[in-house]
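What follows is a short report on a single structure.
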Amino acid sequence: MEYFTELFFSGLTRGSIYALIALGYTMVYGIIGLINFAHGEIYMIGAFTSFVVATVLSIYGFPLLSIVLLAGLAAAVWSASYGYTVEKIAYRPLRHAPRLSALISAIGMSIFLQNYVLLAQSSEFQPFPELIPDFDFMEPFAHVVGSSDLVILLTTALVMVGLTMLIKFSRIGKAMRATSQDRTMAMLVGIDVNKVISVTFIIGSALAAIGGMLIASHIGQINFFIGFIAGIKAFTAAVLGGIGSIPGAVLGGFVLGLTESFATGYVSSDYEDVFAFTLLVLILIFKPAGLLGREAAEKV
Amino acid sequence: MLELQNVHTYYGNIHALKGISLEIKSGEIITLIGANGAGKSTTLMSICGVVPPRSGEILFRGECITQKSPDHIVALGVCQVPEGRHIFPQLTVQENLDMGAFLRTDKEEIKHDLEYVFSLFPILAERRAQAGGTLSGGEQQMLAMSRALMARPQLLLLDEPSMGLAPLIIRQIFEIIKKINQEQDTTIFLVEQNANQALHIADRGYVIENGAITISDSAENLLANPDVQKAYLGI
Amino acid sequence: MLSIEQLKKSLFVSLWFAFLTFPLLVIKVDPIERTVQWRWENMALVAAGSFLVSLLVRVFQVQQERRRERRATGEFVDRVPIMQIILSEPRYLYTLSGAVLLCSLVFPFLFSTYQTNIMITALMYVMLGLGLNIVVGLAGLLDLGYVAFYAVGAYSYALLNYHFDVGFWMALPIGALLAALFGVLLGFPVLRLRGDYLAIVTLGFGEIIRLILENWNEFSEGPSGISNISRPGFFGIELSLEHAILYLYYLMIAMVVFTIFVVNRLQDSRIGRAWVALREDEIACQAMGIDKRKTKLTAFALGATWAGIVGVIFAAKTTFINPASFTFLESAIILCIVVLGGMGSIFGVIVGALILILLPEYLRALSDYRMLAFGAVLVTMMIFRPQGVVANIRRSYQFKSKAEGEG
Amino acid sequence: MKKSVVKSILAVALGFGLAAPSLAADTIKLGVAGAHSGDLASYGLPSVNAAKLVVEQVNANGGIDGKMVELLVEDDVCKPEVATNTATKLVSDGVHVVLGHICSGATKAALPIYNNAGVVVMSPSATNPDLTQSGDYPNFYRTIASDDAQARTEVDFALNVLGLKKIAVIHDKGDYGKGLAEFAKMFLDKSGKAEVTLFEGVTPGAVDYSAVVQKIKRSGAEAVIFGGYHPEASKIITQMRKKRMDTIFISDDGVKDDTFIKVAGKYAEGVYATGPKDTSSNPLSKKAVEDHKAKFGSDPGAFYENAYAAALALLNAVDKADSTDMEAVRNALQNNDVDTPVGSIRFDQIGDAVGVGFAMYQVKDGQYVEVK
């Protein structure tokens, strides 16, 4: 039973990270129908920014709490800025172009950003400062759930609730929902669609940045390539849950995380990704729009 | 109130509007009739800035709005009920109406307007909590019009409000259009294929063919015009 | 030419990029030695660079605007692009094709073995692009796991050669058939899926194939791969390296010509028209009595066949394969070839493959910067020519209202 | 008229095509191939630096038999399909001997091309046993011991020195890591002294390894033998220690890298890793490292000394053979000792360096210290 619990928490931690990144995919997809391949890179840039800032601050001797807050803030701000810029440069001019062109632009952006960080920083793995200390009260459970797992779970939960409130009740949230459902009509009721799309990218990127910082601190290292794999997994999670649906992204993230964790634990980690993708295929065969996705008519 | 001067609009390489000029005065109901693909909807989309014209000028109350973004134009008081109604399918009726008042901040007045549209279309009040996508065609048309009214437009652009609806509902809709025009002092620009109905409530009308205005006259004269009768009235 | 207003905007852009690149380009930390390096010179470079680029873009936009105005007033009539004239006029097309063919035939004699060798690679990607073009360009099915079929072809030959000493020419049809079989295998479960769901499932399928090859040692030798695969034989004669490369090169030329011929015929055939129809409107297609299942499956199977063929050739060319050659990035690059060249256009795919495969090879001098440049080129090309280098004539009209209304 | 023009063009072209490779060389061309860009560049670039330093030194001393040595550096990004292009390019450019490639897969793909052109290749880092043991690659040499030797060292240490009974073998699914882990498992099984409680691969780059770590714990292993590189190793060790497991961690050359200690920090303490025998007391090694610091202003990276040794051995063999002919160079390599930073070495029939082997190291106070 303890083994099961351990695997369960390990899956939850993994799932939270997937969910945080998947939110960005799903929000962007919902609003402009684009698979934002560069999103994984935004996550990586967030992690890298927090790495740089946290290391600088710790060298200058700042206290831990202020390092965590400032690094998190910097990660969110810069990731959001990158997300905003990427949309403006690489996607906005293509809004009326064939959808595949935008997809290629996104792939190009992803390659560009990866190599930009590689050149600007380093190709080697870098030690990430430990931002989440071991809490004393967690010591009895440390062999099952670590302190950083706990922080990741709590942060994810908090972010989810915050995002749901934002989407549901705020003015910009309503504008986002309207834009994702019918862009022309959104314009006709006076919504500045460009602004809404920018805000979507900003929010999605900031969430990914927080995920990036948490996971980098959890595993204690970082390099320029982490965005690619996390990005593909998170995208899988988003589709699994039904792309375009926010609760779907969260659910998809957890389902994927738990599947991988249990597959590793009870079968073999050799095939952990095979399990993940097989699950995806199976779910899509029986529910072609994902777990919580709506079966809408094909968008053109 | 609204003036189009030699407006040219393109979809990609397709020259959809080839020099449209027309004028709408405050308080009028003006109708634009024409066949499928003549450029009726494009005219409305050009006015609203969704498909901005490549050349020519659009003036609203003397102000040039040709290159303004749609949200600015809506803020000036130009609202459109587009063809096919475009209800936000996953928002409730109430939320759809709220979206109509997106740019407004006067809470009290919004409440007042909400009551007004519910008085126009009582069925919507019943369906307040229902998702927009689940309404029937007629109800959707009512919702679309109500949503536009929630913005308190000075100029209301209606694109084929009768399309796909039962004759009884069409009649009801046209009555309400007339009513809005009179009670709210809203100028109305009505695009219709159902020329007969439209001309009966309109003051003046334009006929559009192949992206250009071919006839412009008072509604009565148009109803009597043999060419119009033959082409659009099925007489 | 440019107003003060626009200069100001460019200045703002340059400030923005200076801000954007600040943490990663300016600061460099060494977490071990605990030192911070401030590279302010990078910020100056970025600011100056982005200012210039922004100015250039603005000049370009102004010109674009002017041309558009002139066009609107009828002063300026769009010239039909020279490419389209050539492509639409058989006379020119045949002359051009003949010239290209002639050039490619004498190519190995004009350039070194190395050049010939990378040209073989480029030609392989031409074929891969043309194969994927059937699936994506013609049938409109977004396939992000195309590399799986490529791997199937490569491993069929490698394994057959390793265990049973099967020769290249025997393996070629077997690899093609197996790949086609996998195409159908993938096709069945995804028949119901559309658009991006299809994309992610095909991506997953591609990964599954690669992971199996990587983990199932007993079957595929795992990550260490299979080495010493025979090069294609020439009537039983052992060829020296130069000759083997030359032989492969002409083989590839023949294959590409064959592929172009087949794809061209396919395009205008019944099934080809069914694909295009399916791409444009699935529901209308079914209403017209097109068998959706069969049509989609043939698209997958035919596309996969080509990948299988190229896979066999790939194994024969490198003589060593391992799963690392069949990653998602490979699929992405093949997709880029199709889209960058111009979806649905045979000529476009050829151009796309040559650009994307030869570019990084000739950018070797840039070494570290080449992938950066590669990404930037992809984005720039898409922004300025979203329809691809060579737009397919049939597809050159995009209705804006569609994209607007339902996008 | 027309025909003759075409003919003469063809003749000229053919002439060029044939003449190009035979342009007689008055320099010795030393090719350096490996990953010089991309994510594996940090394994490939040190060998370029090593070659530069060696060549500089040789040329300063008057070259080889009066001929200057010229460097041809080509990137293969560690991909087999690119490596064939790289090799063809080097061969086209008339390379005489090659230092490289870095990754075993790329090396395997490139070797037949060099073999065909009669070029001897020496890798500082390709450790796949097949490269020498299969007999398929007569032109291949290396200055590093093969994986099976390394696995042997690890297993012997685990069984005989630490006396372990239950061992989990983990790898990173890669060419190098998995190959090594398979040897380790095989040796463990054969010895009959210990039980392999778990044999599994982890996905490089995955977000989290805690599930695998839990599995190791459940298997009751006293130690983990990990085959792979330091990024994965540091993730696993970190998560094990965070889960309060004190399982012994034994790993390989890919982990015996200072970056591992930097990244894993305090969790690296006590980790065992095999690595080439300590040569830091060797004066040539000291000189090589100092030269690197003087010229490039930094500490040399991975496989630097092996690459330095390979460059020395290759050029020495060309010198001794007075020829760049493959057979002559092979003979010279097999029959002459050469002093290098990794010791005085010569090569055996199959291409492995005699006298290069592995020793076991342990992290103590943030440094690898040889376990005697």
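Think of it as A, B, C and D in the order they're written, each chain with its own count starting at 1.
Everything that follows uses one rule, which is that contacts are C-beta pairs under 8 Å (C-beta built on N, C-alpha and C of every residue); 3 or more make two chains touch, one makes a residue touch a chain.
Just so it is clear, the model here is predicted, and its values are computed rather than measured.
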Shortest path length from chain A to chain B (each step joins two touching chains): 1
Centroid-based (C-alpha) most distant chain relative to chain A: B
Intercentroid distance (Cα basis), chain D paired with chain C, Å: 33
Interchain centroid distance [CA atoms averaged], chain B/chain C, Å: 46
Whole-Å gap separating chain B and chain D, where each centre is the average of the chain's CA atoms: 74
Where chain A and chain D are represented by their mean Cα positions, the distance between them in whole Å: 37
Residues of chain C engaged with two or more neighbouring chains: 31-32, 215, 368, 371, 398, 400, 404-405
Chain A, residues touching no fewer than two other chains: 118, 126-127, 184, 270, 273
Touching two or more other chains - residue numbers and ranges from chain B: 50, 86
Chain C partner contacts - residues on chain A that touch it in the complex: 29, 32-33, 35, 45, 48-49, 51-53, 55-56, 59, 74, 78, 81-82, 85, 89-90, 93-98, 100-105, 107-121, 126-127, 129, 183-184, 232, 235-236, 239, 243, 270-271, 273-274, 276-278, 280-281, 284-285, 288-290, 298-300
Touching residues on chain D, where the partner in the complex is chain C: 10, 13-14, 16-17, 20-21, 36-38, 41, 74-75, 79-81, 84-85, 88-89, 91-93, 104-105, 108-109, 112-113, 116-117, 128, 130, 134, 136, 173-175, 178-179, 182, 201, 262
Partner chain A, residues of chain D touching it in the complex: 38-42, 173, 200-203, 205-212, 214-215, 218, 230-231, 234-235, 238-239, 242-245, 259, 262-265, 267
Interfacial residue positions of chain A with respect to chain B in the complex: 171, 174-175, 177-178, 181-182, 184-194, 294
Parts of chain B lying in touch with chain A, wherever the complex brings them together: 48-50, 69-71, 74-75, 79-80, 82, 86-91, 95, 98-100, 102-103, 147, 151
